[in-house]
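In what comes next, chain A is part of two complexes: it sits with chain B in the first one and with chain C in the second one.
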Partner chain A sequence: MPREIAVLDALVPSLLLVFVFSLLLQWAVDWVGGRYGLYRYVWHPPLFRVAVFFCCFGGLGLLAMQ
Partner chain B sequence: MTTQSLIRASVTLFMVALAALLAWALWQHYMYSPWTRDGRVRARVVQVAPDVSGLVTEVAVADNQTVQQGDLLFVIDRSRYRNALQQAEADQRAAEAAARAAGADIRAAQASAAKARAEFAMRQAESRRRDRIAEAVSREVRDNAHSNADAAQAQLQAAQASHQRATASQQQLLARLQQANAALALAQLNLERTQVRAPVDGYVTNLELYPGDYAHAGQAHMALIDRHDFWVYGYFEETKLPNVHVGDAVQVRLLSGIRARGTVDSIAHGIADRDNPTGANLLADVNPTFNWVRLAQRVPVRVSIDADSLPEGTVLAAGMTATLTLNPS
Partner chain C sequence: MNARKEIASPRPWLMGQLRETALDWLYVGKALLAIFIGGWLAMRMDLQQPATTMMTVALVMHPASGMVLAKSFYRAMGTLVGCGVAIALVGLFPQQRELLLVGMALWIGLCAAGASLYRNFMSYGFVLSGYTVAIVVLPVVQHPLGLFDSAVMRVSEVMLGILVAGLVGDVLFPQRLRMALRQQLADQYRGFLAFVRGSLGGVLARDALEEAHMRFVGETIQVENLRSSVVFEDAGVRAHSPRLRQLNQHFMEVSTSYQTLHHLMNRMHAPHHRDTRDRLMQLCAFTATALEGDCQPSPEAAARLALELQHTERELPGKISEQRQGLTSRRELLDFDTGAELLGRCLQELRAYVQAYAQLRRPGVPTAAEKEVVFQHGNDRLGALVSGVRATVTMLMMGSFWILSGWVHGGSAMMLATIFTGLFASAPNPSAVVRQITLGFATGMPLAFLCQFLVLTHMDDFGLMVAGIVPFLLTGLYLTTRPTLAGYGTGYVLSFIYLLNLHSPMTFDPVYVVNEAISQIGGVLAVAVAFSLFGNASSNGWLRHRLLRQLRYQVARACEAPLNGLRHRLESATRDLFMQIMVHAGPRARDWLPWALSVHETGRAVVELRNRQSTLPLVEQTAVVAVLEAFARLYRSDADKQQGAHERALLALDTAMATVADRPALRQLHLLRQALLDTRSVLVATPAASPQPHQEEVPHAP
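Let's look at the complex of A and B:
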């Protein structure tokens, strides 16, 4: 994946797009978790949400940087 | 503590630990892996300057034209240099004639020396003869014969001296001839150099020279970009430099999206210290910076481009922006 992407002629780092995508992904995971009551198995849901987001962003970012 | 709460705590803590690990790995990768968006395509630019001054009478190339080594670029008014060549030719012929005349002078001097020698021999023989028959000739006649012999000897010495002088003057004239030959060669070279030719294969760029302009010797009037020598300068932050090694493979990505392969050629060993210019009285003028935030300096790394990896027909221009990613070997 290129290190920067032109969005409307502005070059932005691809990591910014990964960040936005991770937000969407985290939102989807959060929705699924809430819908099926998976947060019953979680100790601190807000901390868990933040951790899920960091996992998405870190993992996808590392993939994108390859 | 129930099993339920144990599972809850361990799932959460596992997720937090994984998140911390991934975030740390991404930070390390982003900050220290050797890549930079700050790359520039560079080329060897030859500044073509004429070797002689004069009016430009003809510009034989168009802007952005491709030229081969030795192609005519522009011509400087030849009439002055043609005149100088004729003058030098005439000078050379005059010097040649003078040298030949000096040769003849030497032969003349030789002949007169021979004549003086013969004269001296005769006078000497005469004087000796008269000495032998001293009782038959008067004293006056004998004295005359002696002085005649002395005079003939003096004349012989004078003739020998003038022979030496003629030889010296021939050497002088031969040296003049060599000077004239050198001047002729210089005039020929100058006339040749009125035609300015391409020193390398390349592209004429930003042509700003027109017939009628006055071209000064030694002053660059045309930029020629060497066709065979393009490279990329990647300005790597100093934090990333430990992972850059000479010989590493590099992926070059131009802003247009074109990709090429490259190799790290060399790493610069110095950049200017912007915080330490010399003050007016030769003392260091150190900038009192606020040092909570420190910017990583950027060090140029020279990357050669593998020309075969460029797509057919790619226009590579010096000054283009490139993103460089190293794949450490």
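Let's look at the complex of A and C:
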């Protein structure tokens, strides 16, 4: 994937797109967790949320920048 | 956390105080940490103004993590929209500073007006999308080609600040707002049940009833406010949010019905009512036995209580027909039936409320019925218009002064004035808040000057710089945790960070700093002038009266609006409106409470009547429609014209009661008639209170 992508003729770092996508992904995971009460099995839900986000962003970012 | 151990401690008071102090300092520590992490990252990333990041963190930080996330979310939205509008505006008028200024002022006015139509952080988002335009455009107003970069920089700085504040606030020793919400719901539940238990068997004076009602309105609004922030903190609460709304809705309904029941009983004081009243009292006493059980706010106890109430509900019709025997005259029967039906409704709604409370934490998905409930806010459009005009005029005045005088730092003054007129547009008593903020600015600025030129000049790297700034910021942040000094602390922290304007590499320019300080003070003073000229409902009696009129119009809406979901909207909008009156009028709101009670009672009866309306034969429907029209006119009319409207409404009611044969509809009509005839009701009291209503009308007669 190129380092920068033209969105509406403005150059945007492609990591930013990955970031936004990871946010959406994390939000989906969060929704599922809340909907089915999965957070009851987690010690520190906010930390878990952040960790999930970092996993998504890190993994996708590394994949995209390969 | 430590709360559980605290119970065993011999001196709970001391422990509570210590705990609170510790929480305050925890917040100060978190805020400092977040501010400096934000600043450091912004410098590492070579952003233009790390001060914006630090300011964002300082503005967004709050002791409760749900508040931080909610505010962050709306701030992010507002910044994005504002940047988009800034680019569009400069694209429209690149060479025309006057047109650009007018365009900006109009947009900001629009946002300020929008902000006063919403509550909490939603309104904050509106304000932000307004003044972000000014923040983005002003630095590049001399060279419009740099606009896009300025917009990107602003978005990056603000987003960085939001991310840092959100992370630190939510992950590091978070203070859960969810607990506050749970506590609030438990208090509401316990308080209401205790109130019902204490008053169901006996008589309650109007004063006590009004007092209780005011408390319940406050609690309802508080639950709704907490709910709207907690959904950002906790995915579990977010999934159950419709259920919370439903619970609050049940609470509103049962408190209205229960209050109506008491009014009805109070109206039956005359000797010829004695017999009916005694019979109804016995029914009430029977119902009260259901509440003698365990009223603890735990889900299990609530489930048991709900079963008990269900049981009573099933037995009630038998008791009613038992008490009904022996009543002969038509009027006595009607009185008795109306009271008995109302009691049945109360019981049913109370059971629904208790059941909803019991099921609150049960896992599972909210049903479709729960999702339908809405909480509608009531607004005075004109009040919104006033805040829009206030923001626009302030900005135009400051902008014209800036352009005409050629004052180099006039832009900062204009920006600050714009920010604060928007932020405090719907605050209770904005003049006092602005005064505190001004004092905060006056303290923060000299300290920023001292810090920058006496301390920071000796500091070499980031660590030392932090050490030099912390003592100053610590004081300000601690002040923001004191309820009485919050405005002062906020002004202090903002002006300090703003004037310090940390960037890398740091430049020291005393002349610039002094000029900037003068323009900021000018901006804050302009806000004070704007609020004293165009006050909001706190200082403007006319706007307060408009709020009251909106409250009365809710009955007209109950008579005319589409019936679908009307009950929910009516209950929430009347409470929201009355809450606004309470916020702005303070203790004086007590005088207007009778109106709120009357609107709740009549509005609800009207809705019940309309629910029956479609099942009636055509002749009866026409009579009911006439009643609805008369009531809409009565609540729309001003105090001096009320006498005529009152008589007409009574006439329409009498006609309808002679025509309608359907028993449930007849009972609602009877209820309306009782409310209309109540001598202590505000509807009757108003014309008598104004000395000569009839003589006032004479001059208008042709």
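Observations on the structure shown:
Basically, the second predicted complex is superposed on the first by the 66 of 66 C-alpha atoms of A that agree within 3 Å, B and C clash if a C-alpha of one lies under 4 Å from a C-alpha of the other, contacts with A are read in each partner's own complex, and residues count from 1 in each chain.
In the analysis below, a residue touches a chain if its C-beta (ideal position, glycine included) is under 8 Å from a C-beta of that chain, and two chains touch if they have at least 3 such contacts.
None of the values given here were measured: they were computed from a predicted structure.
Partners chain B and chain C fit side by side in the overlay (superposition on chain A).
Of the two partner chains placed by the overlay, only chain B lies in contact with A:2; chain C stays clear of it. Once the two complexes are laid over each other on the shared chain, residue contacts for A:41 go to chain B alone; chain C is not touched. In the superposed model, A:58 lies in contact with chain B only, and not with chain C. Touch counts on chain A: comparing chain C and chain B, the chain ahead is B. By the touch criterion stated above, A:50 is placed in contact with chain B and with chain C alike. Of the two partner chains, chain B is the only one that A:15 touches; chain C does not reach it.
For the overlaid pair of complexes, the smallest distance between C-alpha atoms of chain B and those of chain C rounds to 5 Å.
Overlap of the chain B and chain C interfaces on chain A comprises residues 40, 44, 47, 50.
By the touch criterion given at the top, residues 2-4, 11, 15, 40-44, 47-48, 50-55, 57-59, 61-62, 65 of chain A touch chain B in their complex. Of all the residues in chain B, the ones that touch chain A in their complex are 5, 7-9, 11-13, 15-16, 18-23, 25-26, 29-30, 33, 35, 37, 253, 255, 257, 323, 325. Put simply, chain A touches chain C in their complex at residues 10, 30-31, 33-37, 39-40, 44-47, 49-50. On the side of chain C, the complex with chain A involves touching residues 65, 148, 167, 170-171, 174, 234-239, 363, 365.
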